[in-house]
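Both complexes below contain chain A, partnered by chain B and then by chain C.
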Partner chain A sequence: MTNSLLEVRDLRTDFLLKSGRLRVVDGVSLTVEPGQALAIVGESGSGKSITMRSVMRVLPKTARIAGGSVRLDGRELTELPERQMRQVRGRQIGMVFQNAMEALNPTLTLERQLTEHLSWHGICGKAEARRRAIETLGDVGIPEPEKRIRTYPFQLSGGMRQRAMIAMAMVARPSLLIADEPTTAVDVTVQRQILDLLAEFKARGTGIVMITHDLGVARYFCDDAVVMYAGRIVERAPVRELLARPSHPYSTGLFRSTIEVGGRDRALAPIPGAPPDLAQRPPGCAFHPRCERAESVCRENEQMLLPLTVNGVSRGTSGRPGAVREAACWKVAAHG
Partner chain B sequence: MSFASYMAKRIVRMVLSLVAVSMITFTLLQMAPGNFADIQRISAGAAQFGGAGTEDMVHAFASRYGDDIPAWRQYLIFMKGAATWDFGPSYKYPTRDVQDIIAQGFPISATIALIAVAISLVIAIPIGMFAALRQNSPADHGTMFVITLGTALPNYLTGVILVVIFTLTFGILPSSGWSGPEHMVMPILALVLGPTAVLARYVRSSMLETLREEYVVAALAKGGRQSVVITRHALRNSLIPIVTVLGPLLASLMTGTVFVEALFRIPGLGLFFAQAAASRDMPLLMGTALFFALILMTMNLIVDLVYGYLDPRIRAAGGVSRWRSQKRLSRQAA
Partner chain C sequence: MVDVSDVAEPVTTERAASERPVIAAEHVDKVFNTRAGEVHAVRDVSLAVHSGQTLGLVGESGSGKSTMARLLMGLLPPTSGTVRLDGLDLSTVRGARLRQLRSQMQMVFQNPFGSLLPHYSAAANVAEPLRLHKRGDKAWRRERAVELLDLVGVNRRFVDHYPRQFSGGQQQRIAIARALALEPRLLVCDEPTSSLDVSIQAQVLVLLEELRSRLGLTVVFISHNLAVVERFADRVTVMCMGQVVESAPTEALFGAPRHPYTEKLLAAILPVTSDPLPQPDISWRSSPDQPSALVEVAPGHEVRES
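Presenting the complex of A and B:
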C-alpha cells in the first residue's frame, strides 16, 4: 500500500491544567492525499486548530500530545526528535494563519521573513533564497515582487499581506499546507482571490488542510471534510455530500446556521446553546444538550464514528475511490 | 512628513517647554521662604555676614543685576543671558559662572549614569528573558523576588553597604573623591541595582507579550530553532517598550544622583543642584533646572528616533505620537 501524504491516526492532545489533564483533541483520524484538500469544520474551541498544531508539534506550552500517530509520507512525526522535526516544519509542511497582520513580524522586511527559513533548512544560499522569494511573491500575485520584497508588512494592503503570508508558507515548496482560517480576516472580495490562489497550489500537487468554520469556504475548493465537535470528529464525508445531505445533527445545524448567497429561501437557524466546556463534558454524546433529536441513549452513551450504510452498501461517497462517509450519532446509525 | 520638518517641530516645542520650565522654576523660587542672603546669614552665623566672602557675593549681585531690582527684571536679565548659554555667576560660588559648573559637573554625572545604565541593560535583558521563558516556574518567581528586593533597596543604602564591604572591611576601594577609575566602581555599583531591577521587569513583561504574538508561532512553524526565533523575532520587538523607560531613566541619572554623589563626594551635577535649591541660589538653580529639562527632552527625542529605527511602522508614520494616533483611529474604524 502506498503512503498517504498525511495520515493521522487516533491523535489525542491534552492541555495540562492545574486541575488536571484536559483532552482537547480526542481520537482524531484523518488522511490527506497530494493535490487534495481536506476541510476541518467546526466552531471555535472544537479543537480543529490544536489538531493541526499537534501535527506540526507547534503547540502552546501547556499542551501535550497524549497519543496516536501522525505520518507524513509514511514517516512518523510524533516520535521524531525535535531537531528533525524542525526540518519538517516550514520545509515539508507550510502553515498559513488567519491574520497576516499578526502572523508577519511587523518589524522585519518581507525579504527577511520569506528567506530566513530557506537558510535555516540549508535549502539554498542567500542570493538564491532571494530569487526564490521574489518568484514566489510573483506566484501569489503580488505585482512588482522585486520591489515589494523590500517592504514591511504594514506597507501592504490586507489582501497583499495575506498573499505575502501564503508566499512565506510556500517559498520552501512544502508538500502539505495547513491553512488556519485563511479567509476569515479578509474582505469578501479578497476571500475569493485567496481561495483561488490556494486552489492553484492544490492543482500543482500540494495537499491542503483547510481549517474553517465557513462551509462556503470548504465547498469552494475542498474535496473532503471532517466536522469536529468538542475535540472529536463527528462526521466525515466528501464536502459536496456533507453539504447536500449532512447526517450528523451538528453538521445539519452548522449548515443551517450559515449565511449563504442565494440562500434566501432558507431560514437561518442558529444552533441553540454554546459548545461545551471540555472540563465538564456532557455524558454520552457531547452534542446532546444542543441536539433537537437527542433521546435517552444519546444522554447516556457515546456512539462511535461509523460508516453510513444502506443495506450494507456504503452510502453517499459519490462513488469516488477512497471517499469515506462516517458519522458518530445514534440517530444516524439507527436510520442507516 | 520629512525628517527635517519633524526635527524642526520638535525643537520649537523643546524651546517653548524650556521657557515654561524657567518660568515655573523662577516663580517657585520666589514663593519659597527665605532668600540667599538670609540663608547664608543663618548658616554662617550673623557675625560673618559682611565679611570677605560676602563682599564678593554682594559685588557679583550688584554687577549683574543691580541692587533691589524687581523679580521680573531679574528673570528677564537671567533669561537674556541664558539664551546665549550664559547663566552668570552663582551666588554661592561667585567666582564661577553657572555654565562652567555645569560643564564641569555634567561629564562626571553623565559618565557614571551611562556606565550604570549600560551595565543594567546588559544584566537586565538576559534576566528578563530568562524569567519570561520560564514563566510561572520557580526559576521565574525566584528571579522576580530577588529583583523586587533590588527595587526596594535605595541606592544610598546600597552605597553604604558597599563602603562597609570594600572600604572598611577589605580596604580595596576609596570611599570618596573623584580622581581615577577606582573611584567609579562603588558609585556605579550602587546605581546599577535599581535600574537593573526596573529594566528586568520591563524586559520580562514585554517579552511575555511578544512571545504570545502569532508571528512567533509562525516563525516556529517555519522550522525556526527556539533560540533563533527569540533573538530574531521576539527580542527586537520586545525591546521597543524598553526604550521608552530607558530615556527618562538615563536622563534622571545623567543629571546627577544627589544621594550617591553626596555619599561618595563626587563633584557631579546632582550635588550642585541640591545645594542650589537649599541655598536659594537663583542662577545656579535656574541654570541646572533648565539644563535638566534640556537633557530630559533630548533623551526623549533620542528615544523617539530609536523607536523609528526599531519599528519601521513608526518611521513611516513620522514619529511615535502620530503612529499611536493612527493606530487608535484604525482600531476605532475596525
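Presenting the complex of A and C:
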C-alpha cells in the first residue's frame, strides 16, 4: 500500500497548566491524499487548530504532543529533530491563517517575506527566489506582481493581503497546505475568489486541510470532513454525505444552527448550552449534556469512532474509493 | 433649516405618512479628513426605521455601514444632513438631555472584547450603564446584571469573571446584556454575530429575535452575512462605497434584486444545502464620481441607476 500524503494516527496533545495536564487533542486520526481537501469542522475550543498546529509542531509553549504519529509522505514528524522539522515546514507544508495582517510582517516588503525562506532553506538562489516570488504573486491574482513585490502589507487591501499570505505559503510549492479559517475575515465576494484560488493549487496536486466552521465553505471546497468536539473526532464523512445526512447529534445540531439564504422558513434550532470546559470534561460522551437524544449509556461511557454499516456493508460514502463514514455515538443505530 | 414638525419624510414606505420613524437619517454625508486626504465614507444616505421594525444594513468592508451606525447613534456628527431620533435632530441636543436620549438607543459592537471594560467583571460591565444612569442601588443593579446575564446565557457562576476569561461568544453575550440593561427602544447591532461560533450564533439570533418581539425593539442590524440579515430584517438597505445602491423589503431584495451589486453579493453566497452551487461572476464597478439617482421600481423598492 502506498503512503498517504498526510497520515495522522491517534494524535494526543496536552496543555501543561498549573492545575495539571489538560488533553486538548484526544486520539485524532486523519488522512489527506494529494489533490484532496479535508475540512476540519468544529467550534472554537474543539481542538481543530491545535490538531493542525501539532502536525506542524508550532504549538504554544505550554502545549506538548503526548502521543500518536504524524506521517508526511511516510516520514514520521513527531520525533524529528527541530532542525529538520524546520526544513519540513519551509519546504513541504504551507500555512494560511485567518488574519493576514497578523500573519504578515508589517515592516517587511512582500519580496522579503516571500523570498527569505527560499534562500534560507537553500531551495534556490536569490535571483531565482525573486523570480519565483513574482510568479507566485501572479498565480494568486495580484496584478502587476513585479511592482507589488516592493510594497508593504499595509499598502494592500484585505483581499490582496490574504492573497499575499497564500503566495507566501505556496511559494516553496509545498505538498500540503493547512488553511486555518482562510476566508472568515474577508468579504463574501472575496471569499469565493480565495477559495477558487486555493482550488487551483488543489487541482495541481496540493493536499489541503481546511479548518473552518462554515459548512458552506466546506461543501464548496472540500471532499471529506471530520467534525471535532471537545478534542475528539465525532464524525467523519464525505462532505456532501455529512450535509445530506449528518449522523452524530452534534453534526446535526451544527447543521440545524446554520443560517442560510432562502432558509427563512426553516426553524432555527440552536444546540443548547456551550461547548464544555475541557478541565471539567463531562463523563461519557462529552456532548451528552447538550444532546437531546442522550440516555444513561451516553452519560457513563464514551463510544468509539465506528464505521457506519448496514449488514456489514459500509454506508453513505457515495461509492468513492477510500471514502469513510464513521461516527462516535451510542445512538447511531447502524453501528456494526 | 426647516422646522422639525414639517420636515418631509425621507423614504417612501407604506407606513411613513402615518407614523414618525424611531430613527431616521436624511441626506447624511460623512467626510473624514485623514493624512491621505478626504475620505467620503457616507454619501447622501437617507433611511428610516419605524417602531418595532428591523432594518438590515448590508455591504462589504469599506461600504460605510459601520460609519452609518455611529452616525445613527449620534456618536459621530454628520458632515451634512440630519439624524433624527423620534423626530428630534440629534445635533441640536447636548449634555444631560443627550445622555437621557442615549439610554433609549444602545449599541452592540463588532468586537466584543474591545467594547467591554477589561478591568470590570462581567456583572460590573452590565451594571455600568445602570450606574451611569443612576438606576436603583448597588445591590439591585448587581441583581439586575446577573438576571440580564442569565437571560443572554452567561452562567451565574461566571458573572464575576473578567472579559478576557470568556470566549468571544460569551463576551458578545455580555455586551448584549449591557446593551439591554437600560431597556432601550432602539438597538443598533454592528456585526453582532460575526465573531460567534455557528451554534452560538444561532442561539444569539434566536435570543435577539425573542427580545425584539418581547421588548418591541426597533433594530438596525448591520452585517455582511446576508443569510443572517435575510432572517432577521424586515427591510434591507444595501450599501456600496458609502452609497445606498438598493433598498427594499427583505423578500423583494432577496427574491428579485435589481442592482448589479446586490446580485453580485447574492451570487457570492455558498449554500449549505440548496443546489446547484452558484455560478461566478457578475462584474460591476461602482463609479462614485458620477452620482445617479435612486429610483423607485416597485412600492418601497428603490434602486440606484447604474
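In this text, the second predicted complex is superposed on the first by the 329 of 336 C-alpha atoms of A that agree within 3 Å, B and C clash if a C-alpha of one lies under 4 Å from a C-alpha of the other, contacts with A are read in each partner's own complex, and residues count from 1 in each chain.
Assume a contact is a pair of C-beta atoms (placed from the backbone, for glycine too) under 8 Å apart; a residue touches a chain by one contact, two chains touch by 3 or more.
What you see is a predicted model; the values in this text were computed from it and never measured.
Enquirer: Looking at the combined model built on chain A, do chain B and chain C fit side by side or clash?
Expert: Result for chain B and chain C: fit.
Enquirer: For A:89, select first, second, both or neither according to whether it touches chain B, chain C, the two together, or no partner.
Expert: The answer is first: A:89 touches chain B but not chain C.
Enquirer: Name the contact category of A:154: first (chain B only), second (chain C only), both, or neither.
Expert: In the superposed model, A:154 contacts chain B only, not chain C.
Enquirer: Return first, second, both or neither, reflecting whether A:56 touches chain B, chain C, both chains, or no partner chain.
Expert: Once the two structures are laid over each other on A, A:56 reaches chain B alone.
Enquirer: Could you say whether A:216 touches chain B, chain C, both of them, or neither, answering first, second, both or neither?
Expert: A:216: touches chain C, not chain B.
Enquirer: Give one of first, second, both or neither to describe whether A:99 is in contact with chain B, with chain C, with both, or with none.
Expert: The answer is first: A:99 touches chain B but not chain C.
Enquirer: Does the superposition put A:68 against chain B (first), chain C (second), both, or neither?
Expert: Touch partners of A:68: none, neither chain B nor chain C.
Enquirer: Tell me which partner A:231 touches in the superposition: chain B (first), chain C (second), both or neither.
Expert: neither
Enquirer: Looking at the overlay, what does A:243 touch: chain B (first), chain C (second), both, or neither?
Expert: second
Enquirer: Under the stated touch criterion, name the partner, chain B or chain C, that contacts more residues in chain A.
Expert: Per-residue touch count on chain A favours C.
Enquirer: Which value in Å is the smallest Cα separation between chain B and chain C when the structures are fitted on chain A?
Expert: Minimum over all C-alpha pairs of chain B and chain C: 5 Å.
Enquirer: Across the complex, what residues on chain A touch chain C?
Expert: Touching chain C from chain A are residues 43-45, 158, 187-192, 195-196, 213-217, 219-220, 243, 253-264, 268-272, 274-275.
Enquirer: Can you list the residues on chain A that touch chain B in the complex?
Expert: 56, 58, 86-91, 93-95, 97, 99, 102-108, 116-117, 120-121, 152, 154-155, 165, 168
Enquirer: Please give the residue numbers of chain B that touch chain A in the complex, ascending.
Expert: 213-215, 217-225, 228, 232-233, 236-237, 310-313, 316
Enquirer: Could you please specify the touching residues of chain C with respect to chain A in the complex?
Expert: For this pair, the touching residues of chain C are 60-61, 153, 167-170, 197-203, 205-206, 224-228, 230-231, 254, 264-266, 268-274, 277, 280-281.
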